[in-house]
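Worksheet: one structure, shown below.
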Amino acid sequence: MLHLILFFIFAAVCIAGAVNLLAQSHPINSALSLIVVMGSLAVLYLLLGAEFVAAIQIIIYAGAVMVLFIFVIMLLNAGIEEHSGKSYVAWFIGIPSVTVLVGLAVYSLVLYQENSDPAIGPEPILGSVQAIAHLLFGKFLLPFEVTSVLILIAIMGAVVLARRGES
Amino acid sequence: MLTYIVIAAIKSVVLIHVLLGAVAYTVWLERKVVGHMQNRWGPTRVGPFGLLQPIADGVKFILKEDLTPPHVYKPLFILAPMLSVVLALTSIAIIPLGNQLPLGRWTTALQITSSPAGTGDINIGLLILLGVTSIAVYGIALAGWSSNNKYSLLGSLRASAQMISYELSLGLSLVGVLLLAGSLSLREIVTAQSRSYDFRWIPAWFPHWYVFPQLIAFFIYLISAYAETNRIPFDLPEAETELVAGYHTEYSAMKFAMFFMAEYANMFTVACVATLLFFGGWSGPVPKFLPPLVQAFVPLFWFAIKVLAFIFVYIWVRGTLPRFRYDQLMAFGWKFLLPLAIANIIITSLFVAWLS
Amino acid sequence: MNSSEPNLYLWLIPLLPLIGAAVNGLFGRRFPKKIVATVGLVFVAAAFALSAWASVQLLHMPLDRIPYIEEHLPWITAGGFQVDFSFYLDQLSMVMILVVTGVGFLIHVYSVGYMEHEGGYYRFFAYLNLFMFFMLMLVLASSYLLMFVGWEGVGLASYLLIGFFFLKDSAANAGKKAFIVNRIGDFGFLIAMFLMFQKFGSLNFSDVFKGASSLPVESAGAGILTAIALLLLLGATGKSAQIPLYVWLPDAMEGPTPVSALIHAATMVTAGVYMVARSNVIFNRAPIALTVVAVIGCVTALFAATIGMAQTDIKRVLAYSTISQLGYMFLACGVAAYSAAIFHLMTHAFFKALLFLCAGSVIHALGGEQDMRNMGGLRQKIPITFWTMTFGTFAIAGFPPLAGFFSKDEILFQTWDSPYGSKILWAIGLVTAGITSFYMFRLWFMTFFGERREAEHGTGHDNHGHANDGDHVHESPWIMLVPLAILAFFSFTGGWVNIPKVFGGNNLFDHFLAPVLSAGAATAEHENPGLEMTLALTSVVVASVGFAFAWLFYYKRRDLPGKFAAALNGFYTLVRDKYRVDELYNRLFVQPVIKLSRNFLWQQVDVGTIDAVVNEAANSAQHISNEARRMQSGNIRSYAGWVALGAAVVVAYMIWAGLQ
Amino acid sequence: MVPLAYYLGLSTILFCLGVLGFLIKRNIITIFICIELMLNAVNLSFVAFSAYLKNLNAQVFVFFVMVVAAAEAAVGLAIIIAVFRTRETLNVDRVNLLKL
C-alpha cells in the first residue's frame, strides 16, 4: 500500500519534471528538471529494491553527468532558445509517429495487464551491492573492462575536441 | 509503522537543531581559535567569552535587508542557497551517532535512517552520503551562474570543477576502508572496528581503528575533504584577493547565511564520516558506575569529542596554511591524490586477499 | 598412414625442388650465378637421393604392401567427393621418379654450363626446379586429380621455358601454341575425370582401378570405359605430341636446348605414356581404345619420322624423332605391352636427352648455329661431343647391344606377337625404324663428317652469348661434358636391364613391372625364341640399311640428295613443310575462333551486354541517389522524425508478430 | 503491490516525452538532455523487469547504460563546445551543414 502511494507520488514528480523539461525554454531549467526526474527515478529504484542502481543513479547521473551539462550551459552561457523555422518532417512525420508509439505501448500494456498474474511482485532487496558486484566481476567481467576502455577513449576524445584549436 | 515515522520526525527535528547550534558555535570556536593563534582575543564582547556572539550574528543575518540585485536569474538565485543548505543538512540524516538509545518504552537508534526495529541500518549508507555530497555542487554552481556576475561565475566554475575532481579521490580513499570492513553500512563499519586485530603481536587494548591500517587513505580523505568543503587551503571559489567573494558575492543576509551554514554543516558531515570510518565512531570506554541512561549517552559523548577534534583540525589548518594556486590545486588532485588513492586500493585489496 | 608401415617421406621428393624454385624465384635476382646454380642443383640432387632411397625401400617391401600409399592432409572434400594430398609409389612410379630426378639432375648440371652466358639465369633455374616439382607431383600422385595438377603444372613450366627468350616473337608464340594445344588435350582429360567420378565415385587410382577391374571387357562395342580411355588418350596425345596434337612440339624447340632435352624429350612428353600405362586397367577393358592407341602411335611414328628426314634444323630433327619415338611407346601401349612402353620410355629418356645435349653442345660450339647445312667436319674439333653423340645415334638407331636396340625390339616383337598387335603395325614400325636410323645418321654425318661449310644464311635461333662466327669452334666445358658422358654410359647399358631370354637375359624389367602393368592384360610371353631372334635380326638389318643410305647420301655422294629432292619435287617440299599441317589447323580452327571472338564475343556479348548492364546499373544508382539525397537535409530534427517513424513501424510489427 | 505495467507505462511516457522533446526542441543542449531522459526511461524499464523477473542481469545493464551515457555526455558536450566555437550558435536548425 505504502509502496503504491510512494510510486504514484514519485511517478507524478517524474512526469511533471519531464513535462517541465519540454515546457521550459531555457536549457538550464530543462537540465534541472531532468535532475528532478532522475532523483525521483532513484526513489523508484529503491522501491524496486535496486539500492545500488539507485545510489549510482544519483552519484553518476545527477552528480556527474548533469553537472557536466550545467557546466557546459554555464560555459557557453546558453540563453533562451530562439524560435527558428520549424522542421516539417519533425512535425508531420515525427510527432504523429510518436503518438502512434504511445498508442501501441499503451495497447500492448493493456494486453499484458489482462493476461498477467498480479501475484508476481518485486523482491524486497534484490540489487544488493554484493550481488551486483558478483555479477559485474564474474559473469560480466569482460564487458566491464571494455566499458572502462570506452571511458578512457571518451576522455581522450573530449580533451581533443574541446581543446582550443592552436593547431 | 506510524510510531516509526513519528519517532523519525522527532529525531530529525532534534538533530537539525543540534546541528544548527553546533554550526553556530563552530563559527564562534573558529573565531576564537584563529584569534588566539594570531595573538588576538577573538569575540569577547557579547556574553562571557563572547559566547552569545553566534546568536547576535543570527539576529543580524535575519534583520539585514535581503536584496536581490537586478540582472540575476531570479528563480535559481533564490533556489541555490536553499539547495545547498538542504543538502548539507540531509547528509547528517544517514550518519549514526551512536548505539541504541533506550527511551522508556521504546529504544531507538541514534540515527534518523534506521529500520523500524531500530537496530538495522540502510545497507548503502555511505553511497547515499557520497551521492548527496555530489549533488551539493549544484547549490554553488547555480548560485554563481544565476547571480550573473563574472566573479560569481568564475567562483562557481572553480568550485564545481574542484568539487568534482576531489570527489573522485575522496570516494576512492574510502574504498580501502570498505574493503577492510566488507560493508557499505556505516553502522557495520563501526562495529567492524570494534573487532580485535588479526595479528597476535598487537595488544588487545589497542583500538582497531582503520586510521592505522589506512593511514594513507585517511590523509587523502582529509585533503580531499578540505577541497570538498572549499575550506582553506582550497577555498579558491571564494578567494577574496582574486574574486571578491566567489560564488556568493551577490548574496546577502539570510541567503548568505545559508551558504555559511551549508559550509559548516558540510564540515560536520565530513568530520562525522571521518570519525565513523577511521576512528571507530562512537566506540570508547564506558564507565560502569554511571546510571544506565547516562551510560547510553557516553558513546555519543565520545563521538562528539572525535568530531570536535576534527573541527579543531579544520580551524587549525585554516590558521596555518596559505591558499593554493588553482592550477596547483587541480594538478595536485588529478596527478597526485588520485593515483595515490588507486595505489592504496590495490595494496589494500591484495592485503585483504592475502588475509582471507 | 598407420605407423607399422615404413615412412618413405614421399612428400619431400616434390617439395625439395619447389623450395629450390621458391628460393631462386624470389631471391635469385640478387644472388650471384654460382649460388643460383648451387641452389638449383642441390635441391634436385636431394630429390634424386631421396627417391633413390625410397626406391630401395620399395624394393625391400613385400609385394602385398605395394602400392605404397602415403596419405596427407585432405585437399578437396565436397559431399562424397574426397581428394587428398596423398602419394602413390609402386614399381611404375618408382621407375618414373628415378628417370625424372636422375636425368633431370644431369640436365641441371649441363645447364649450369650451357646457360652461363644467358640472361635471366636465376629465372631459368627457378622454372627448371618448378618443372621438376610438378613432374614429380604428376608421377607420384595417387589420384587422377592430383596427377592433373602436375599435368597442368608441367604444362605451365614448359610454357614458361619455351617462351624463355620472351623477347623473341617466335619463342613467345611457340610458348602460347604449346599451351593452347595442350589445353585441348586437358579438356579431354577433364571430361575423362568427370566420367570416372560419375562411374566410380572417386578419382583415387586404387578405387578407380578396383571399380574398373570389376567391369567386363567391352569387347562387343564401345562403353563407358572406352569413352574414358579415348578421352584420356586425347589428353595423352596433347601432352605427348601425338597426332593430331603434335604440332606444338617442333616449335617448342625455340626454348633453350637443355629445356628441349629435359621437358620435350626425356620427361614431360612421356607423361602421356605414363598416364596410359597407369590407366592400363581401363585400357585393357577397352579393346577399341587400345587399337586406336596403337594406330595413332604407329601412324605418328611413321609420319614424324618422314618429316624428320627432310629437316635441316638439328633440333627440329631431334624433335620429330622424339615424336616418332613417342609414337613407338604408344604403339607398345596400344598392344598392351605397357612394360615395353615404359622400358622404351626409360631408354629413350637416356639417349634422347643425350642427343639433345650433344646437339646443344654442338650449337654451343658453333656459337648458336642450328642449321645442319652449315655444319660438318666437327669430328676432330669437338671429339667428346662427337663420341657421346655417336653412342646416342647408334642407340636410337637400334644397334645392339645399345639401349635402343632392346627396347625397340621389345616393342616390335610385342606388336607382332601380342593378341592386340598385328603384322601391319609391325611392318610400319619396322619401316619407321629404318627411317629413324636413316635420318639420325644423316644428322650424324652432316654434323661431324665432311668439311665445315660456312654459314650461308640463318643465324642462330638460340640467341646465344657468343659471337656468331664458326672460326673458333671449341669444345664445351667439362660441366657440360660430364653429363654427356654419364648419359652416354646409360644409353649404352640402359637396355641391359631387360635382356630377353634369347640373348640369355630374363626380362628383368618386365617381371619387375608385371604386378602393376600386366594385371589381367594378355601380354605376349616370350615363348618362341626363334621368332624373336628373326625379328631382332630383321630390325638390325633395317637399321643398317638406313645407316648405309645415310652414308651414301650424306658422306659418299653429297650431290645425291639434291638430285633426289629435285626428282620427287612436290613430295619433298610437302615433307619439308611438315605436310603443311600447321596451315591446315590454322585455316580450320584458328581463323574461325578469331572471327567468332571479334565479331560476336567482343562486340555483342562484352560491349553490347555486359558493359551495358554495368553502365545502366551505375546510372540508375545515380538517379535513385539524386532522389534520396533530399532526405539528407542536415536538419537533425527531421532525422529524428524519420527515426521515430521507423521505431513506430518496428514496434507495430513486433506487436503484430507477438499476436500471431 | 505495484503492478509491473505501471512501471512500464511510466517508462513509456518518459521515453515518448524524450522523443517529443527531441522533435520540438531547438537548443542542441536541450536535445541532448532529452536523449538522457530517454536513456533514463529505458533504465527504469530495465530495473522494473529485473525486479519482477528476479534477475539481476538487467541491473548490470543499467550500470552499463549509465557508463555509456557518461561517456556520451563527455564526448557530446565536447562536440557541442566545438560546434559553438565555430558556429556561435546552439540552434540545431542553424547547424545543418557539415562544413562551414
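Residue numbering begins at 1 within each chain, and the chains themselves are lettered A, B, C and D in the order written.
Operating definition for what follows: a residue touches a chain if its C-beta (ideal position, glycine included) is under 8 Å from a C-beta of that chain, and two chains touch if they have at least 3 such contacts.
Keep in mind it's a predicted model, so treat the numbers as computed, not measured.
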Pair sharing more residue contacts (C-beta pairs) when A-C is set against A-B: A-B
Chain A and chain C, separation of their C-alpha mean positions in angstrom: 79
Mean-CA-position distance for chain B and chain A (Å): 29
CA centroid of chain A to CA centroid of chain D, Å: 6
Intercentroid distance (Cα basis), chain C paired with chain B, Å: 97
Multi-partner residues of chain A (at least 2 other chains): 52, 56, 64, 71, 73, 75, 87, 90-91, 94-95, 98, 101, 105
Residue numbers of chain C (touch at least two other chains): 633, 635, 637, 640-641, 644, 647
For chain D, residues that touch 2 or more chains besides their own: 19, 23-24, 26, 93
Graph class of chain-chain contacts, one of line, ring, star, complete, other: other
Chain A to chain D touching residues, read off their complex: 3-4, 7, 11, 14-15, 18-19, 21-22, 27, 30-31, 34, 37-38, 41, 44-45, 47-50, 52-53, 56-57, 60-61, 64-66, 68-69, 71-73, 75-76, 78, 81-85, 87, 90-91, 94-95, 98, 101-102, 105-106, 109, 112-113, 116, 118, 120-123, 126-127, 131-132, 135-136, 139-140, 143, 147, 150-151, 153-155, 157-162, 165
Chain B - residues contacting chain A, complex: 1, 75-76, 122-124, 127-128, 130-132, 134-135, 137-138, 141-142, 144-145, 153, 156-157, 160-161, 164, 167, 184
Chain C to chain A touching residues, read off their complex: 633, 635, 637-638, 640-642, 644-645, 647-648, 651-652, 655, 658
Sites on chain A touched by chain C in the complex: 87-91, 93-95, 97-98, 100-101, 104-105, 107-108
Interface residues, chain D side, partner chain C - complex: 19, 22-24, 26, 28, 31, 92-93, 95-98
